[in-house]
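Here it is, the structure in full.
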Amino acid sequence: MSVETNIAIQHEDFDVGIEVDALSGTGVAGAVATFVGFVRGGADDVLAMTLEHYPGMTERTLRDIVGLAQARWFLLGVRVIHRVGRLLPGERIVFVGVAGRHRGEAFAACQFIMDYLKTQAPFWKKEETANGARWVDARDSDEAALKQWQT
Amino acid sequence: MSVETNIAIQHEDFDVGIEVDALSGTGVAGAVATFVGFVRGGADDVLAMTLEHYPGMTERTLRDIVGLAQARWFLLGVRVIHRVGRLLPGERIVFVGVAGRHRGEAFAACQFIMDYLKTQAPFWKKEETANGARWVDARDSDEAALKQWQT
Amino acid sequence: MSITILYFAGLREALGVERELVDMPSGVNDVASLRSWLLARGAAWQPLSAPRIRAAVNQSLASDASVVADGDEVAFFPPVTGG
Amino acid sequence: MSITILYFAGLREALGVERELVDMPSGVNDVASLRSWLLARGAAWQPLSAPRIRAAVNQSLASDASVVADGDEVAFFPPVTGG
């Protein structure tokens, strides 16, 4: 399974079931860990969110991140999908799925990829609210999450 | 979302996409972390696997485990499905999905529930091979994984 | 004093018993004494003596000192291997 | 020596520029000197001076000391917020 072909930046939605099936498709995997990120609805006053990215650098950064994960754990498959464009509350934004022999490496690599993606991959979120639009600020907790992998 | 009703022991397969949709259905979740365990195929000589459980105690144990996770993290939804009976290589065995506001709590609780399930919930696996059947041995690494939550 | 005893997985197969309803003699009042009493039935019950065999009383994990009382459901089984 | 400069997200909006092809004067040869040269254009370019603004050269994250050479693609942008 080539990692390079399993990174996608797209406006279209994705199907989590199909992605997990593809990751486990070789039949060798004992474990698939996934993460799905959503546009939070409910309490927030966000009406919509627009995701901008840096074409070219985004794909390159995600490939590098997946490569780092593969160097660190023995993985059987990795899939990263990140949506761009305008999304509504409750919509899926990002999917990271990792297939491994056992759950430890699948969980760790999935979390590692998300922590790096959050802090390194060139995406930017702009929220539309009833009071106008605003760019989302980076969270210190994301930098802290990254540091745990660098000690 | 009642946690109690979201634990299922069943022979039937499950649909990961539907489960993730249900977990994010309230629209408040920003993050869903999932784990899917499979009957490993390929290199192993396993022809099939039969999962036995202790009806009653299994459900009770899983409810207790989910309760421990909820006491530890603020979670928006938890779903646990464990299949029993005879399964073939490549088939899904277990699903754990956790919805949270952010990814940290979703990842942690999902891994916590899996580590406890592996070591506490009364399920037993018997493998059929070309040379006969054998009960799967417990793995020391599963006990080690559990200990990380108990320090 | 009658209790239900359940056996699971490899232990169930080794003993050839899945479930039994037994009358416990006086003096048998915890998991350790119940196990000793069952082992005294004879060599066929030796699989129950393995240290790795776990016990549950009324569907909660139990230790040797856990009390067993009339009407209880006791289970013996090998380490779990689900997930 | 000509390079392409890209601006993203809030910085792009603040500057009102998405992409430009510029001829760099001699002496401008790294990210720091490129930034200074752009800031010298006037007050409208102040958003580029914020310490939080990151730079990339040829689609790799860069530091102030990163070399900028003919034909390079340089990008400036705020901290990323994807995922």
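The letters A, B, C and D name the chains in turn, as written, and every chain counts its residues from 1.
The working rule: contacts are C-beta pairs under 8 Å (C-beta built on N, C-alpha and C of every residue); 3 or more make two chains touch, one makes a residue touch a chain.
Keep in mind that this is a model prediction, so the values were computed, not measured.
Under the contact definition, chain A and chain D share no contacting chain. Rounded to a whole number, the gap between the C-alpha centres of chain C and chain D is 73 angstrom. Chain B and chain D, compared by their mean Cα positions, are separated by 48 Å. Between the Cα centres of chain B and chain C there is a gap of 27 Å.
Mean C-alpha positions place chain A and chain B at a centre distance of 22 Å.
Of all residues in chain D, those touching 2 or more other chains are 83, listed in ascending order.
Among all residues of chain A, those that touch two or more other chains are 37, 103, 114. Here, these are the chain pairs in contact: A-B, A-D, B-C. Every residue of chain B that touches chain C in the complex is listed here, in rising order: 37, 51-54, 56-57, 60-61, 82, 93-94, 114, 117-126, 135-138. By the touch criterion stated above, chain B contacts chain A in their complex at residues 15-18, 20-21, 24, 26-38, 40-43, 89-90, 92, 101-104, 106-107, 110-111, 114, 141, 145. Contacts from chain D toward chain A in the complex involve residues 6, 8-10, 56, 59-61, 75, 77-83.
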